[in-house]
Amino acid sequence: MEAKKVSESFITMNELVLPNDTNTFGNLMGGRLMYWMDIAASIASAKHCNSPCMTVSVDNLSFKNPIKIGNVVHIEAKVSRAFNTSMEIFIKVWGEDMIDQHKYESNEAYFTFVALDQTGKPRTVPQIIPETKNEILLFEGALRRRQVRLILGGKMKPDDANELKALFTKE
Amino acid sequence: MEAKKVSESFITMNELVLPNDTNTFGNLMGGRLMYWMDIAASIASAKHCNSPCMTVSVDNLSFKNPIKIGNVVHIEAKVSRAFNTSMEIFIKVWGEDMIDQHKYESNEAYFTFVALDQTGKPRTVPQIIPETKNEILLFEGALRRRQVRLILGGKMKPDDANELKALFTKE
Amino acid sequence: MEAKKVSESFITMNELVLPNDTNTFGNLMGGRLMYWMDIAASIASAKHCNSPCMTVSVDNLSFKNPIKIGNVVHIEAKVSRAFNTSMEIFIKVWGEDMIDQHKYESNEAYFTFVALDQTGKPRTVPQIIPETKNEILLFEGALRRRQVRLILGGKMKPDDANELKALFTKE
Amino acid sequence: MEAKKVSESFITMNELVLPNDTNTFGNLMGGRLMYWMDIAASIASAKHCNSPCMTVSVDNLSFKNPIKIGNVVHIEAKVSRAFNTSMEIFIKVWGEDMIDQHKYESNEAYFTFVALDQTGKPRTVPQIIPETKNEILLFEGALRRRQVRLILGGKMKPDDANELKALFTKE
Amino acid sequence: MEAKKVSESFITMNELVLPNDTNTFGNLMGGRLMYWMDIAASIASAKHCNSPCMTVSVDNLSFKNPIKIGNVVHIEAKVSRAFNTSMEIFIKVWGEDMIDQHKYESNEAYFTFVALDQTGKPRTVPQIIPETKNEILLFEGALRRRQVRLILGGKMKPDDANELKALFTKE
Amino acid sequence: MEAKKVSESFITMNELVLPNDTNTFGNLMGGRLMYWMDIAASIASAKHCNSPCMTVSVDNLSFKNPIKIGNVVHIEAKVSRAFNTSMEIFIKVWGEDMIDQHKYESNEAYFTFVALDQTGKPRTVPQIIPETKNEILLFEGALRRRQVRLILGGKMKPDDANELKALFTKE
């Protein structure tokens, strides 16, 4: 199984915010955006490992600016790190007001997906090759984020989370 | 502004998994579930502070067992801690196969919502009163989860995250 | 096949009224609410008999107060009486304005569902045990409502509808 | 305000049963059909009185044959009787399998709608002129069905329901 | 395989323009209307040849008047000409404002569908019998429109498009 | 009003084919794809002229290969020529099977959109600058396609359609 570049899994989506996607302030509802992000992440992960993939976890999804009704939602997703049978996908979202020609950051998140074989069992995924400076940063941070996930999920002891511990203990 | 009990914001939702909610394995897609969880969280937070609320962040959403087509999605949401203008909402999801009379854990997550006034500006929310043992545990963990959010979002220095630091430094 | 309590089939749903669910007055459309009520009734009936169920008839669905956009739709459903292969499900719906902290009755209805076996044929359902005063009232009224259904559907002669006849003939 | 013929409010709808409209047996779900019937009834009533209309009640909706996935849903609706500010709409639904060239009765129902003026208050509706034999039968039965509605809704005493009483007392 | 009349494939649809179907001017979006037109065309073609049909091409879909939110979309479709394994379907769309009692032309288009057998392969369709003057005009124009399609698609040389050539060369 | 490059309006969309988007053969329905293409065209045209745009016509939409359920729909749209108040948008669609790593042409089409000012009236659009060989070909063909549109719509006499006539008369 050959390693793949981050750019091979890169994918963009553009969607229009319609009335039913909005809350009473006319802003895109968080849940509707998460629905689209999950589809983007599922496409990016399937491109990386050429098998169907399933959402395992979502972390650090933070909303900065609400996206207005009638604006475009621009989503970019790419695999940031491959583990054994799972991958971390980094997603970034912008809003775009085409009338005012204004593009603004909306949110970003890390999704984790697992690759499945024909019978629905997890299978090994190709390793990832980060190339740009940003891809390398995301690749390195992925270990730390994974330790947070495992500790908060009760599957790892804080003592074993070396990368994370370093943040607090200045080793 | 009077403090409110956790139980006052408690809400349950039940949904049916229909064909269009599923992936190729006939399991509920993560994004569709997040859409429902976001609505549940938005109702729970509005019940707590009696004003419209907006998603700020989603953390540690982890999927344990996929929910099958035709099964019921059972969602429970409640405010776990109130901060200044924001609240953490704890959500737990079960799948239920009514034919086999089998109920199984699907996932859980922490959503953060901010309360808005009439003009869309953040406003103060009532404090929360945890009563049961589980509510108190969630209440206490909320500080730690908030520090993870702030550190990973670059808004807090690891050194200032006392609750989190304690996990690693055995103070 | 053991009889079951009414409370074992009890189920609640909470939904948010979104723009596309409303008519030109900004009120929830009747058809959208019926869609949700049918899902609630189908869950309640499947909980009672642990087999898939199909809508047979809807009776006396009356709308009292329209539910406003942005409000919560609160639906409660429970089996009110079991017949041979069919069940009557009683559904009650409230609207809730969380900002004004105002909860109001919206409508109620009686749905009849039939239980199906693997091949799609009707199958016997467990008998029901009403416990509270309200459950007993619903249980008793069910016979009368069934006679109305059968007479209006041309499947029973008025003369054979003893419970219904008693209403008009002052036995 | 001039009376109108039944045929002036007559309307047909044709819809295709898609995967998401079906239950686990591949049959159209009752709630989805009710959603379409409500839209058909709302168009028929608006055609009769040229003002927006709102669902008041649904009675005697009985399902005979399930409609299969991929089949066409054929809906016909027309105002069967006008009261003061409300109208009864009669709806009939067929399924059609275009491959087998087979058309089959699915269900029928009586919806009651109220006409609204600009401010959302009920307003008087034009009287109706039934012309065919079937239209006259529906027109006459409407009084009886209305009495059932009022009695079961607790708004009429059985003793005052003359048309209905006649069914049981052979006057 | 017996020829069929145009009227045997005739079908009408009525839909209501809901908030989510509209652009920022409150008018029905073109794409939503095309979705409905495609379903109407698919029903008309299946009625003509009693087999499942698939969209092959759409030509000359021109929008005259936008349809307003809350108005009814009235669609009429019928097979205008049968070729070997494909058919041209003519579709006409009106908007209707029931409050103002105003009906207006919205658009029209020609869709081409191919008939499929059980294995998904194209199969021969019955010939069509145009009866009214309008049906004969549509039938005759179909050849010309087909030549435009084939030339623009690079599947026919302009020299072989006799019907079309006649328009320009006054033969 | 400054002319703009074709590439400034270029936009890509990626969507997943879900169960409800498919016909009985498990292929993407034409109408669902047209809905997405219309949104892509509306975004591309709004990017070109920075004002809301409305569908005017759709021409020569031809389907080559059906897209399978679970596959990705990849849509590319760009303005191919600007007229006075309207623009032609060229759209190309591919299907992608990520498991088999197979990408295939699905269809292409020409949409025409009109630009609107604040009051909903047509407004002048910036001219377009084609740069690549393919962009220049599309730009030149646009005149011919426009003449077909105008002739078939009865708004131009064949004799005045110089570009189109040349195809048939070998001038």
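For clarity, chains are labelled A, B, C, D, E and F in written order, and residue numbers in each chain start from 1.
Please note the rule applied: a contact is a pair of C-beta atoms (placed from the backbone, for glycine too) under 8 Å apart; a residue touches a chain by one contact, two chains touch by 3 or more.
The structure presented is a predicted model; accordingly, all values stated were derived computationally and were not measured.
Novice: Give me the chains shared as neighbours by subunit D and subunit E.
Specialist: C, F
Novice: Suppose you list every residue number at the subunit B-subunit C interface; are over half of them used by both chains (same) or under half (different)?
Specialist: Because over half of the interface numbers appear in both copies, subunit C and subunit B meet with the same residues.
Novice: What chain lies farthest away from subunit D once each centre is taken as the mean of the Cα atoms?
Specialist: For subunit D, the chain whose C-alpha mean is farthest off is A.
Novice: Based only on mean CA positions, could you tell me how far subunit B sits from subunit D in angstrom?
Specialist: Whole-Å distance between the two chain centres: 43.
Novice: Suppose each chain is reduced to the average of its Cα coordinates; what separation in Å results between subunit A and subunit B?
Specialist: One centre to the other, that is 19 Å.
Novice: Quick check on subunit C: which residues sit in contact with 2+ other chains?
Specialist: As it turns out, subunit C has residues touching two or more other chains at 19-20, 24, 39, 42, 52, 70.
Novice: Considering only which chains touch which, label the overall pattern as line, ring, star, complete or other.
Specialist: other
Novice: Pull out all the chain pairs that touch, please.
Specialist: Every touching chain pair, ordered by label, is A-B, A-C, A-E, A-F, B-C, B-D, B-F, C-D, C-E, D-E, D-F, E-F.
Novice: Write out the stretch or stretches of subunit A touching subunit F in their complex.
Specialist: 11-16, 39-40, 42-43, 46-47, 50-52, 70, 72, 98-101
Novice: For the complex, which residues does subunit D have touching subunit B?
Specialist: 19-20, 22-24
Novice: Can you tell me which positions in subunit E touch subunit C when the two form their complex?
Specialist: Going by the criterion above, the answer is residues 18-20, 69-70.
Novice: Going by the contact rule set out above, which residues of subunit A touch subunit B in the complex?
Specialist: Its residues touching subunit B are 23-25, 27, 29-32, 34-39, 42, 52, 54-63, 66, 109, 116, 120, 145, 148-149, 151-153, 158-159, 161, 164-165, 167-169.
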